[in-house]
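One structure is given here, and the rest of the page talks about it.
The first chain written gets the first letter, and so on, giving A, B, C and D; residue counts start at 1 in each chain.
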Amino acid sequence: MKELSSAIQLIPLENYIFLSVALFSIGMMGVLFRRNTIAILMCLELMFNSVNLLLTAFSAYHSDPSGQVFVFFIMIVAAAEVAVGLSIVVMMKRNVDSIDINLLNRLKW
Amino acid sequence: MVALIPYITLAWLVPAFPLVGFLITSLAKNKLKHNQAGIIASTMVALSFITSVFLFFILNSSGQDSATLTLFNWVSAGDLKIPFALLIDHLSLVMMLIITGIGALIHIYSIGYMRDDERVNSFFAQMNLFTFSMLLLVMGANYLILFIGWEGVGFCSYLLIGFWFKNPAFNYAARKAFVMNRIGDLGFILGIILLFFTFKSVSFNEVFSQAATLQSGAPILTLITLLLLVGAVGKSAQIPLFTWLPDAMAGPTPVSALIHAATMVTAGIYMIARSSILYNLAPITSNVMIILGLTTAIITAIVGLRQNDIKKVLAYSTVSQLGYMFLALGLGAYSAAIFHVTTHAFFKALLFLGAGSIIHAMGGEQDIRKMGGLRSKMPITFLTFLIATLAISGIPPFSGFFSKDLILTKAFEISPWLYALALGGALITCFYMFRLFYLVFFGNQRLSSAHPHESPRVMTVPLMVLSVLSLFGGFLNIPALFGGDSGFENFLHKAVTSKESGEISSATEVGLIIVSLSLLGIIIVLAYRTYVKKSTVPAADGAPSSLIARIVANKFYLDEIFAALIEKPFGRLSDFLFKSVEVKVLDSAVDGVGTLTSRLGSLVRRLQQGNISFYLFAMVAGILLFIIFILFV
Amino acid sequence: MILLIILLLPLVTGLGILFLRNACTVRIVALTSTIVNLLLTFVVMGSSPAATFSVEWNNLMGISFSLGFDGISLLMLLLTNLLFPFIILAGFKREQNQISVLNFLILLTQAALIGVFLSQNAFLFYIFWELTLIPIYFILLLWGGENSRAVTLKFFIYTLAGSLFLLIGIIYIVQLTPGVHSTDFSVLNQLHIPAATQIWLFWVLFIAFAIKMPIFPFHTWQPNTYTMASTQGVMILGGVMTKMGIYGALRFLFPMVPQGVLYWQNIVLVMCLIGVVYASVIAFRQTNLKRLIAFSSMAHISLMAAALFIYNYYAAQGLLFQVLTHGLTVVALFYMVQLIQDKTKTLELPQMGGLKHAAPKMAILLLMILLVSVALPFTAGFIGEFLIIIGLAKQSIWVALFGGTTMILGAIYMLYAYQRIMLGDKNASLKNTTDLVRLDYWMLIPLIAILFILGIYPQPILNLVEVSANTMQNLLTSATGIVTAMPH
Amino acid sequence: MIFLFYLLSTIMIVCALLVVFSKNPINNVIYLILCFIAMAGHYILLNAQFLAVVHIIVYTGAIMVLFLFVIMLLNLNKAIIIRKSTVTRVSAVITGGIFFLVLLAATRQTFEIHAKYPFNSEIGLVSGIGKTLFGEFLLPFEISSILFISAMVGAMMFGKKDA
């Protein structure tokens, strides 16, 4: 435990920032890249997690527990979002027999 | 102010009587029997007359020049304080006597003349309202009260010209009269406002006492007097605003007699005579008045030569006579102008009432070509009409001679050319008046359907009274030449400041009179030869005639010129402004903003193609731009 | 407290009316409420100006619910409360649908207008200012004539757009207040906004009022709206709501941006004068009676606006006097229009004529109203316009000349209309037409009587507004440092 | 220690890229789970044991299983051939790259971090989080339960056959 807790001071915060930015960008690229709605949802999770990681890193470096509580809340929201999102996917599959995002093109005026 | 003259406070009764008459006759319009309204109205004006006479004696005996009676405070805003005050001095007394005296006679005459009209009660109500306004006009102690009366008489004139409102042409004439008057009124009120700014008051006494200190020919005075003159030109029917007056003959004849001959049209003369102190200080305006007056006098006299409607002839002669009054005003002979107003009121009212009697007898016919031979059928009318014609022509000893001669002499003092022109106008007047007279009363009756008869007594008595006045009215002011003392002029001298002018010898004066009288004699003989001996009857309207004759008969096409120059372009401007500017420019600009918004909307809407991937791309691009903007700009 | 009662009475009555079923009861209750309000107004006029009402509302933004009055607002209050009984009365014995809703909306308008005129706080003013739009929108939309949807929408959006500028202006001014922000007029009036700011701020505020009045290029909503609107709607609109623009200008422009006013005075004045001549000329050829009166009303309002922006003592007095006169005239005139439409079944002037044979009394009353409108002496219209023209002439005789053209042009088109409606030969289609009935007398006689009495004895109104006019004038002169000669 | 960080990071990034680029949904899920496990390792490195545990339970245990369920339920477990056009895919990669660079530049030029409180290794433990959660954030915590309920109801509404 002692060893682990001191690990924080060894790793520069910049690394975490770099990592989470990379993850976020990858997630976003995925959102743009994929047509499969479920894959898009997964990429979204990726982005959520990059943010979570950053929050936790800052929380740890500042020794402020609020950041981690926020991560907790984000997880709650993510869980709720996934539940609703997946049910939408299910419905979409049922209605148009596909989960291709490009078929959802009624979202205009 | 000097000590109050006893009983002078009764002056408020003078306008109050006709007002009461108006209220009674208008409110109880449906309850009054056929003659009652006329009797009430006439009584009220007669009571006014009696009060005026009473005031006349009171003022004369008091030895004071004027009295001001403040009734209440009308408008008071800052230093603009306008009391509702009446001024009784010699000038206003003369006018009051004319208005109430002749007014009463015409009211009485109207009882007979309007007997069969279904709206006789309204008629008398409006006549009383007119009398009230006119009295207010001449009795007001400041320009604003004068203006109330000024507008009031204009409005009553509108009502009475359009009295027979079934006829659209009459209504048009009424409207024309009102609008033309209004054009003058705008100038008048601007003049009043400038007066107020210059003298910090609009009350006669204060303005005149301050004006005496001003330099003669001061630009502000010229401007003020010119603006006031615009008002007078509108009201007194001078060029270029005179065309309403001949059209105003659409009203019943007593109206023409009272409003468009004896009283209202002389309001402009009264106003300028009242402001004589100002006008004496504005030589430019005086010259303008001379030119205006002379031009009007001659041009309308020429037009009168070719008119065949009995009332139109008289109307043009009125305009012409008003021109003479303006000439007198321009010459600085203010009391001469007022004197001419007085005598003119006598004989012109008489002429109109006589004409009314004729029209009445002819069953409504007004065309002199269809009359003739009425001498024997209507003796009283004939006689009175003769007196009036002689008076207007300026034959001694009738009243017109004295007043016109006074003006002509004054003109000669300035320039013989002026005299010659004025005399020329007088000769033309004489010719067309005798043309009218001969055509109506001599020869044979040319309209077989009519059965002329003498009018009832209620109409002839006023004629007789007026003919006595026309006959002897001139003796009010016998010039020194005939051993008189110029009583009228001296009487007015206290209220009106006439310009001093060079004296001319009595020999010249006699010479002038002889010249003018002999010329008048020739003219009368000429008219007699043309219309009685040769029994010439003017051609029918459609008959071919020379160009000049047509131009004259159509009053130099002034109405048409006005229509082409003002009315039509104005109407077109109105249409243009509404159809092009209002609808096509302004309104569509406003609508354009709305259309532009919705167009832009439909343009932007194309971006919303519904493709979620595209939205995502757009969103990311937006976020990117946002971050870049925040960080690097 | 009495001010609060005046403000709330129409609102409460209006809400109560919604639960009434009987049409007659609804109208009588509404009428009673407005009459009581009028009486209360007289009480207020007798009381001291200290009778204010103020409650803190939102401390953070410095908004307080404070009511109060000075001479100008008192005049406006009098105008509003004087006209509304007549406006309600104009609906009596008339076929209308949804009577309780209509009367509720009318009373709501009244309450909002009273709020506008009484509020002593810019934010409160703005709320009431916008609140007036909602009921009038529905009155125009639901009880209006043909094409009411498009016309009303335009009116609504146009005025709303104007109000938006006003809101921006208010917010900008409020954020200039030192310390804890306040939106009270008393605080805002003490602000000395830099001259450069005033110059552009003037337009931000001015546009809202210009649209409401309306001043020349911003007027295009007006003719169509007037033509389409129901009688009661147009009475409210033309009688009172146009005066809101004038009142707003007096409340905002002069105390807050006096240098801006002076800077733009000439341009605005030219706009107003163009409006006078332009509207008069257009009215000359209109065939629709309502549209004619709409343009005539615009000409009068433009003249009043000219007086507003020339702002000297006489013009101010004339303006405020004319505000009252014009409101009364508009109400009387549009009631007449309604009667004419009832009797002739048309509003097109060329199709009318000869109504005087069937309805002589109506002809007389109409003529009297028109006389007020063309400013004949001894009518209230003359006093107002005369004072205004004096004020204009003080600036320049040319301005007065242009302003005075209403006298001529007004006479032309008003008498033309009168001739077309009333005069002429008997009209066969009017055979069964009746003259005025008792209700019409109740409506018209008091209005005309007031107009003539004020023409003969105008002093009470002139005294009422004198102090306020002086105050405003002082603000303007002190802003420039130019001391013009002031009476007293 | 720094070695551990780089190891975990490499796993995460590789897995994330595979999530994006592999075509089979099942494989996607598997890679994502791997990614999340590496993430839990990071949490432990950051001394946030509570979060690490919750992360494993919620994400890998619940959410990802949900994904799997849905994929199997809808019978999507074979590679879906539908692909975006080349232009879209290239632009997606470019956009992602630009985004990465911009964010990086942003973080590079803005931050200079000073710890707010003295170092305390206890905050990531259950007791630390619990105290904050049930103290300062009690109300949001309770409200989040409402969020859950509504999400549940919503999911059921969507999932109903005749919705």
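The rule is simple: contacts are C-beta pairs under 8 Å (C-beta built on N, C-alpha and C of every residue); 3 or more make two chains touch, one makes a residue touch a chain.
In this text, all values refer to a predicted model and were calculated from it rather than measured experimentally.
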Nearest-to-centre chain - CA centroid comparison: C
From chain C, the most remote chain by mean C-alpha position: D
Rounded Å distance between chain A and chain C, as computed from the means of their C-alpha atoms: 62
Separation of mean Cα positions, chain D and chain C [Å, integer]: 65
Rounded Å distance, chain B centre to chain C centre (Cα mean): 37
Computed distance of Cα centres, chain D from chain B, in Å: 100
Residues of chain A touching at least two other chains: 28, 32, 35
Per-residue multi-chain contacts in chain B, two or more chains: 613, 617, 620
Chain contact graph, described as a line, ring, star, complete graph or other shape: other
Touching pairs among all chains present in the structure: A-B, A-D, B-C, B-D
Chain A-facing residues of chain B, complex: 605, 608-613, 615-617, 620
Contact set on chain B toward chain C in their complex: 72-80, 147-148, 151-152, 155, 158, 162, 165-168, 171-172, 175, 178-179, 182-183, 185-186, 189-190, 193-194, 196-197, 223, 570-571, 573-575, 577-578, 581-582, 586-587, 590-591, 594
Residue numbers on chain B that touch chain D, as the complex places them: 613, 617, 620-621, 624, 627-628, 631
Chain B contact footprint on chain C (complex, rising order): 154, 157-158, 217, 219-221, 223, 278, 281-282, 284-286, 313-314, 317-318, 354, 356, 371, 376-378, 382-383, 386-387, 389-390, 393-394, 397, 400-401, 404-405, 407-408, 411-412, 415-416, 419, 422-426, 456-459, 462, 466, 487-488
Residues of chain D touching chain A in the complex: 1-2, 4-5, 9, 12-13, 16-17, 19-21, 25, 28-29, 32, 35-36, 39, 42-48, 50-51, 54-55, 58-59, 62-63, 66-67, 70-71, 73-74, 76, 80, 82-84, 88-89, 91-93, 95-97, 99-100, 103-104, 107, 111, 113, 115-121, 123-124, 128-129, 131-133, 136-137, 140-141, 144, 147-148, 150-152, 154-156, 158-159, 161, 163
